Every structure is written in structure tokens, then in C-alpha cells.
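In the two complexes below, chain A is the common chain; its partner is chain B in one and chain C in the other.
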Partner chain A sequence: MGRVRHTVLGLGVAVALAMLAYLVIDVEASWSYALDLRSRQLAALVVVGAAIGASSLVFQTIAGSRILTPGVMGFDALYVFIQTVIVFTLGPTALQLMGIPERFLLNTGLLALFGLILFRWLFRAHSRNLFVLVLVGIVIGALFSSLATLASRMLSPDDYLTLQTVLFASFNTVNLQLLLVTAAVTSVGLVALVPMLRSLDVVDLGRDAALGLGLDYHRAVTRALLLVTLLVATATALVGPMLFLGLLVANLTRQVVPTHRHTILVPAAAAVGVICTVGGQLIVTHVFALNTTLSVIVNLVGGLYFLLLLLKAVRL
Partner chain B sequence: MITVRDLSHAYHPSSKVLDDIGIDLPPGQVTALVGANGAGKSTLLSAIARLLTPTSGQVCLDGMDVATADPSQVAQRLAVLRQDNRISARLSVIDLVRFGRFPYSRGRLRPEDHAIVEQCLEYVALGDLRDRFLDELSGGQRQRAFIAMVLAQDTEYVLLDEPLNNLDLVHSAATMQLLRRAADELGRTVVLVLHDINVAAAYGDRIVGMRDGRVVVDGPPEQVMTPPALADIFGMQIAVHEVHGTFVALHWSGHSAPSAPSAPTPVEWAL
Partner chain C sequence: MPPGAAGRTTTWLIAGCVVLAVAAYLSLAIGVIPIPVHEMFSPDERQWLLLRTTRLPRMIAILLSGAALAVAGLIMQRITQNSFVSPSTSGTVEAAVLGVLIATLALPGLSLLAKMGFAIVVSIAGTAGFLTILQHIRYSDPIVVALVGIMYGGVLSAITVFIAYQRDLLQLLEIWTTGSFSAVLAGQYEPLYLVLAVGIIGYLFADRFTVVGMGKEFATGLGVSYDVILRVGLIVVSVMAAVVVVVVGVIPFLGLIVPNVVSMFFGDHVRRTLPITALAGAGFVLVCDVVGRIIRFPYEIPVATIAGVIGAVVFIWLILRASRRPGATR
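Entry: the complex of A and B
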């Protein structure tokens, strides 16, 4: 227990340091301008990191596998698909006329709805066969990407440009109104997870053991999945898809914090998520001088890590 | 008392895995479910433990229907251990046993819960290994850890699906003795699926023989350990010897020509 406590403390310190560093490193022009802009970016990074971290860890527990996260199961491809379909059917002008909160609600609502249908169907149809699930996730991802490509081919060049700006994960241009809505929804989602954390310990034992211990497994999993979908949908709608962020964060958390207790794991995953997004953006800004984006870095590192995990799982 | 009434289950509409089963399991016995692969033993056990919703029929536990009763009320009276216990979380022995208290504590263990966990660890002789991780244990130790969890659930009924799977004969014997002691000393009612008819005869008070989704034989070992009854269950000729008061089925001795269970051919009794 001592080691776990120290790790959690360490994570807290690391979060604080990363946030501080993000605010104060290399301020050249006016401090008030820099702080205003940076605190806004920082808030977005924190919201996304915490939401993706916590939700991916919970998703892993529900899926009973360390390789499955919403991103791997095709959630990000679904986002791209939905965006394309919205631009395709409503047209870019309709999107621009819509207020930002409305657009966000539409995005999140559709994502959450389809995500929930997708996940429920996946878990029902293929129960717990890991490799079938990974395969299905890849196929679903490919399907949605191809559909999105098809739809984008039929867009006019102007519409296509509008689409591109919505699609790429970006922390540089975060709308304040949007940020407030996202922060509120994410906080509600995270707080709603708290009463479920002890049940999740039991969910981790598998369906049969959980039922045997008197957990209403179906209800517990549905509720948790609902919140996970909401959190991922919100974060994705704010900054765009980052396929492997969840995988990276959730697995790092389980390695760093050696416990099975979700009362510790889930907050720790949120912290690790914040460290990854804030730290990653620091590297993007100061090492790569903004020549690349956070999603590229996350996908590069996360993708390699995913390969490594797959290879290890095959050996098991 | 567990009462099973008109229980049928079909994974596919064409073939019934359980076919109209009615059976009573009164408290205070060790009951072994035996039968060939696919006879429906594990499905019956799962249906009793409400891990599976049967196509039709009802399972009552002390008068309450397990399908509709409050899950934690059921979990305080009936514990179940499946044969495939692969857990993705890395748990220590004591972590696992503490889960047995979940139906009472919902994850917040009280002092009395900790006391029961300690007793159960000692009961299965894993006190010294409490902080070991499950993946560091041998198969027999692992099985004992899971049994400790089930005992910590402090239920009248303990259901086990092939608890001897993957255990060698030393650990099989130790596991069966442990379960027999739990029945005799702790008053638990044990219902278990067993592959080995001889283990069932040696440790069971009652043997329920299943074939093709039906209960074909039901009685104490001396009644079931006869060539006609075994032919009903397994569809093959099995010689039975009595050795020091225990019946031993020689299912490996070569009299294995399959026969129709409905019309047993003349049986070759052992000398």
C-alpha cells in the first residue's frame, strides 16, 4: 500500500509541475496575454487528458482486456464519419450558422448515441474473445474511415476545407464557450463515475464472478459504458480524435500504480492523462516548435505501444 | 433448499442442452453432478447460480426465484465458482478472498469482514501466502485461494464447476477433502460438477447423473455405482468393484463398447 500511496502523490506533483511549466516556460511577450491564452489551452488539455484517461481505463475493465480502448474499437473513426456526414448533409453554412454549444451538443449527442450502440453490440455479439474484438474494431475503423473518405470525395473543395478544420485535433484554437461546456460535461461525467468505482473492482473479475458476488452486472456495465461514451464523445468533440491516447494512458497507469482498486486507478488514470496531454503539448511547442501536432506525437508513441502490447498478448 | 422446476435450456432452438429438469437440493449434503461432455452438467449449475437465463423453467432458492430476486440477497446464500477463472487484474491472495465479502460490504470492508477473510485464509492453509499474487501460485494453491473466496462469501450453498480441472491427483484429493470438510464442519451445502465418477463416489453424499440434458440417475453412491446405472449415464459398460467399502468404477478396463442407455445389455459384474 505504501508504494501505491507514494506513486499517487508523485502523480499529483507531476500534474502540478506540468501545468505550471506549461504556463510559465518561455514567456516572451506580455505576461497577461500569454497567461490568458495558455490557461485556456491548458484547461482544454486538462479536460481532454482527464476525460480520456479515466474513461479508457474504465473501458478496459468493462472489456476485460488491456488492449481494448474506445479509440481502438473504432470510436475515432466514428467521429470522423459523423463529422463528414454532418458537413455532407447539412452543408458547411448550416454548421457555421449553428451556435457553438448547439454544434457541440449535436456532435456529442450523435457520437454518444452511436458509440453506445456500437459498444453494446460489440460486447453482446462477441462477449470476451479478445482477438475477435480487436479485429472487429479494426474492421469497423476501416469501414467508417472508408465511408468518410467516400463522403468527403463528394464534397465541394470549400466544404472539404471546413471539414478538415473540424477534424484535426487541435489545442491551439479552443473556443472559450465550447471549453466551458466541455469542462462542465466532463466534470459531471467524472463525478458520476465515483459511486461506481467499487463495483468496477468486481466487474474486473469477469461477468460470472461478478454475478456470483451479487453485482447486477448488466446494469453496472451499461451505466459505466454510458459514462465512458459520454466522456470520450465530449473530449473528441472538443479537440478531435486522438486514437491511441487512451490506450497509452490506461496502460501506463496500470503499470505505474500497482493496484486493482478503481478508487485509486481511475483518478490516477485521469492524472496520467493530464500529464500526457500537457507534457506532450509542451514537447510539441518547445522541442518541435509547433512543427507537428500533439495528435501526431500521441499516435506515433501510442501506435508503437499498441504493437508492443499485441505482441506481448500473442505470447501469452 | 434449492428447487429446480421444469428447467429447459437451448443454445440453439433445435437442440436442448437441458430438457425439463426437476430436482431438489436440500441443505447439508455434497452433491456431485456427473455425466459425459455435453450432458448439461455445467449448464444446469450455471442456471442454478443464475449465471445463465434458462429458456424456460424456474430455480428457487429458499423460496425466492433466483432470476428475479435481489442479486446480493442471492449472493448471501449461494456462492459459485466457475472452472475458468482467468482474471485480468493482478490480485494478491488476500485481495481475492476479500472479494468474497462484497455481497455484505459492497467493497467497504468492516472489521468483521476482515476477520472472516482471515479465518478463510487459514482454513485453506494459505495464511502464509496471503500477499502472493495469484499468478505466482501453483494450480492447487490458486484453486484453494478461489475456494477461500467462495467460503468467505459465507453462504449456505457453494456451487463449483469442475473444481478439479487441471489439478493433479495430489491436489485433487486435497481440494476434495477441503470441500468435504467445509460440508461437515462448516455445514455448507456443496454442489459440484465432477468428471471423475470415482471421486464423486468417494466424496459425495449424492450423485446426480445426467445424459442429453436429462437427469437419468439420482441417488447415493452405492445406488449409482452399479453397471446398469453407469450405463444409463455414460452409455458404456463399466465394471464396478468394491474396495474397502468404496465402489470403484473401472472405466478404463476395456469394457467400453457403447450401448443404448434405454436397453442396457447384460452387464459383466466384477468378481
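Entry: the complex of A and C
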């Protein structure tokens, strides 16, 4: 137990250091301007890191596998697809006339709904074979991105431009109002996870064992999945797709924090998520001089890591 | 073969040829200037100019690339004895794209042919890398292998995107790699004929590819030189995939689904199914291209998008089918 406590303490210190470094490194011009801009970016990074980290870890537990995370299962492509469909059906003016909270609600609501349907279908239909599940998830992701391209080709160039600006919000230009809404929803989602953490320890044992121990497995999984979907949807709506971030963070957490108790694992995953996003963005800004983006790096490192995980699983 | 199967096979073959012929006519006929059936065989000067410079080259390019990708997939599936291996699920295509990017950045003045050569070399290296990984996997479950192949290709693409982003080439990269025939013109697509030559080599070696797929000892026992044939297969596949990528772009899932669907109807005899696979691949791309030209007329939707939607749906169906079969994990 002592080791776990030290690790958790270390993670807390690392989060604080990363956040501090993000705010103060290389400030050249006016401090008030830099702090204002940077604290806004920092807040977005923290929200996304915590949401993706916690939700991916919970998703792994529900799925009973280390290589399954929402991003891998086609969630990001679903996001792009839904955005395109919204622009396509409602038209860009309707979207622009909508206030930011309403647009956010529409986005997140649809994403959460379809995500839940997708995950439930995947889990129910193919619970036997993990690899089938992942492969179908990946191909569904490819299908959604082709459908999104198809729909975007049907748009007029003006509508397409609107879609682009909606889709690729980035950490560098965070809308304050959107940030506030996202932060609020993420906090609610994270807090709502807390009472479930103990039952997740039981879910981790597998369906049969959990049922044997008297847990209402179906209900526990559905509720956890609902929150996971909400958290991922929110984070994605704020900064756009980050395919392998969840995979990296969740597995890193399980390696660093040697416990199976979700009351420790899930907060730790949120912390690791924040370290990854803030630290990653620091590297992108100061090492690569903004010559690349966080999502490009995450895709490269995460893809490689996923391949290694897969090969390790397959060689057994 | 059960009784009556030969008759059914012939029916399917005839039906397929009819679809191909109709699609070929549509491919030549539709556009901002339509050409009606009765004028197709005696076009006036203006129509002939149109046919000669754009419509015929386009149709030939479609037929060649569709056939090439499908045959490349078939050969890969024979060599690896694995039904879910194909140029787009083994890093072949992604390596070719990386090759084009490197050639463009390092040697900007290169001709199309030289770039193509470079793409072929990188694509051979990429595919060889995948085959090496395959030898280290104990599973030969098609689903696992496809998963590993897709992720391997994903890593290669991530490297490509990383480089392209730094040089501000991301948008250009997307335009290059989205498979589309809208820019095919006479005088520019001709390198595609290379796949015809390579395809003939592939046909001549077809049976030996099957033998190599049985394993090194088995092949050597039958007097087939394992390493040589493996390399021939590797080169044939990589040349086909890379040439199509350079001239046309990426057409996802084609090399995977077409050979699988063909083998459902016509069995696994490579020598017999190779020509049918080529025809089916050509027909599939032709139909996708015609559909892409019709649904948003007079604008065009790239063939890669249409093929991506249809291909993904068929692939998911194939995966579910394979996973339900008893003893899917060999």
C-alpha cells in the first residue's frame, strides 16, 4: 500500500509541476497577456486529459481488455460523422445561429446516444472474441470517416468551411464559453463516477464472477458506459479527435500504479491524462516550436504502442 | 464441386460480365456532355476528342487499377494463406505513400516515373517488414493478422503525417492519396500499363504462390524455391500497389474484399480465379466511379470515398462471417 501511496503523491506533484511549467516557461512579452491566454489553454488541456484518462480506464475495465478504448473503437470517427450530418441536415446557418451551449448540448447528446448504441451492440454481439471486437471497431471507424467524407462532398464549399471550423477546434484557440460548459459537464461526469468506483472493482472480475458476487452487472456496466460516453463526447467536442490518447494514458496508469482498486486507479488515470496532455503540449510548443500538433504526436506514439501491445497479446 | 455448381458459376460469370459492360458504357457516356448509345460507335469529331483525351483513358485507368489491386490482394492471400491480408491491411499502400512523400521532399525535381520507382522500393521494404512481423505471430487467425496489419499501416501513415505536417504538406498529401480518377488524362496515366506486365508475371507464377503459402518445407519438398518465389510475389504485389497509389491514389479495402467475395463463388483455385478476380476488381471500381459521378452530378465524388463506404460494410460482414465459423482460430 505504501508504494501506491507514494506513486499517487508523485503523480499529484507531477501534475502541479507540469501545470506550473506550462504557465511560466519562456514568457517574453506581457505577463498578464501570457497568463490569460495560457491559463485558458491549460484549462482545456486539463479538462481533456482528465476526462479522457478516467473514461478510458473505466472503458478498459468494462471491456475486460487493455487494448480497448473508446478512441480505438471508432468513437472519434463517429464524432466527425455526426458533425457532418448536423451541418448537412440543419444547414450551417442554423448551426451558427445556435448559441454555444445549445450547439454543445446537441453535439454531445447525439454523440453520447450513438456512442452508447455502438458500444452496446459491439459488446453484445461479439463478447466472445476480443480481436473481432477491435477489428470491427476499427473498420466501423473507417466506415464513419468515409461516410463523413461522402457527406462533406455533398455540402457546398461555404457549408464545408463552417464544418471545418466546427470540427477542428484546437488547444490554441479555445472558446471561453465552450470551455466553461465543457469543464462543468466534465466535472459532473467525473463526480458521478465516484460512487461507481467500488462496483467497478467487481466488474473487473468478469461478468460471471460479478453476478456471483451479487452485483447487478448489466445495470452497473450500462451506467458506467453512459458516463464514459458522456466524458469522451465532451472532450472530443472541445478539441476534436485524439485517437490513441486514452489508450496511452490508461495503460500507462496501470503500469505506474500497481493496484486493482478503482478508487485509486481512476483518479490516477485522470492525473496521468493531465500530465500527458500538458506535458505533451509543452514539448510540442518548446521542443518542436509548434511545428507539429499534440494529436499528430499522440497518433504516432500511440499507434506504435498499440501495435506493440497487440503483438504482445498475440505472441502468447 | 457439387452438381449444378458449374452451371451456377457460369450464370454468375455472365451476370458479372453484363454488369461490367453496362458500367463501361456508362463510364464513357456520362458527364457534362453525354454520349448516347447510338453515337458511341460512330462519334463525331468533338465526341471523339472527348473520348480520346479523357473518357477512354479514365476507363482504362479504372480497369487497370481495379484489376491490379484485386490481383495483388489475391496473391498476398495465397502467399500468406490468410484471407484478410491485402495491400491495404499490410502496410504496402501506406509505405508507398511514405515513399512518394520522401521522394518529393528529398529530390524535388524527380519525374513521375522516378517517384514511382522510389515508391515501389519503399513499398517492398514496408511489405517485407509486415511479413517479418507475421512470421513472429503464432496465431494465423485472419482477424488477428488483419488487426496487426492495419495498425502497422497506421504507424506508417502516422510517420507520413508527422513529416507532412512539418513541411506544411498535409492538404496536398490528402489530395494525392484520395483515390480519384477525375484528373486522369491521355498522356499522363500511361505508367499504369506497368501493372499489366506485372500482372502477367503474377499469373504465370500463380500456382507456385499457392505452394509457397503451404510453408517452406512443403514448398521445398515439391521442388519450389521458397525464397525466390516469395520475393517474386513480394515484388509483384508491391509494384501493383505502388503504381496505383502514385497514379490514382489510395482505394481502401478493394484488395481485401474482392478476392474474398470471388473465392466464395468460384473457389480457391488461383489459376482459375485470378482472371475472374481481376475482372471483378475492375468492375467494382468501375461501378464505384460511375456512382460517384452520378450522385452529385455534375460534381464528382472520389472513387475512394464510395469504395471506402461499400468496402468497409463488406469487410465488416466478412469479419462477422469469419468469426462465426467454427474453428476460426487455426
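Everything that follows uses one rule, which is that the second predicted complex is superposed on the first by the 314 of 316 C-alpha atoms of A that agree within 3 Å, B and C clash if a C-alpha of one lies under 4 Å from a C-alpha of the other, contacts with A are read in each partner's own complex, and residues count from 1 in each chain.
By our rule, contacts are C-beta pairs under 8 Å (C-beta built on N, C-alpha and C of every residue); 3 or more make two chains touch, one makes a residue touch a chain.
Values in this document were obtained by computation on a predicted structure and should not be read as measured data.
Asks: Could you check whether chain B and chain C clash or fit when both are placed on chain A?
Replies: fit
Asks: Return the chain, chain B or chain C, that is in touch with more residues of chain A.
Replies: Of chain B and chain C, C contacts more residues of chain A.
Asks: Should A:L23 be classified as contacting the first partner (chain B), the second (chain C), both, or neither?
Replies: Neither: A:L23 stays clear of chain B and chain C.
Asks: Please indicate which partner A:L106 is in contact with in the superposed arrangement: first for chain B, second for chain C, both, or neither.
Replies: A:L106 contacts neither chain B nor chain C.
Asks: State whether A:L300 touches chain B only (first), chain C only (second), both chains, or neither.
Replies: A:L300 contacts chain C only, not chain B.
Asks: Which partner chains sit in contact with A:V4 here, chain B, chain C, both or neither? Use first/second/both/neither.
Replies: neither
Asks: Taking the superposition as given, does A:V188 touch the first partner, chain B, the second, chain C, both, or neither?
Replies: Touch status of A:V188: no partner.
Asks: Per the contact definition in the header, classify A:L310: touching chain B only (first), chain C only (second), both, or neither.
Replies: Touch status of A:L310: second partner only.
Asks: Could you read off the angle at the CA centre of chain A, spanning the centres of chain B and chain C, to the nearest 10°?
Replies: It is 90 degrees after superposition, to the nearest 10.
Asks: Can A:M196 be said to touch chain B (first), chain C (second), both, or neither?
Replies: neither
Asks: With the superposition applied, I'd like the minimum CA-CA separation between chain B and chain C in Å.
Replies: 15
Asks: Would you mind listing the overlap between the chain B footprint and the chain C footprint on chain A?
Replies: In the superposed arrangement, which is not itself an observed complex, chain A uses no residue for both chain B and chain C.
Asks: What does chain A use to touch chain C in their complex?
Replies: 125-126, 129, 131-132, 134-136, 138-140, 142-143, 145-147, 149-150, 153-154, 291-293, 296-297, 299-300, 303-304, 306-307, 310-311, 314-316
Asks: How about chain A: which of its residues touch chain B in the complex?
Replies: Residue positions touching the partner: 64-66, 198-199, 201-202, 204-209, 211-216, 258, 260.
Asks: Which positions of chain B touch chain A when the two form their complex?
Replies: Those in contact with chain A are residues 46, 49-51, 71-76, 79-82, 85-91, 95, 99-100, 102-103, 106-108, 153.
Asks: Would you mind writing out the residues of chain C in touch with chain A in their complex?
Replies: Residue list for chain C touching chain A: 133, 136-139, 141, 143-144, 146-148, 150-152, 154-155, 158-159, 161-162, 165-166, 252-253, 296, 299, 301-302, 305-306, 308-309, 312-313, 315-316, 319-320, 323.
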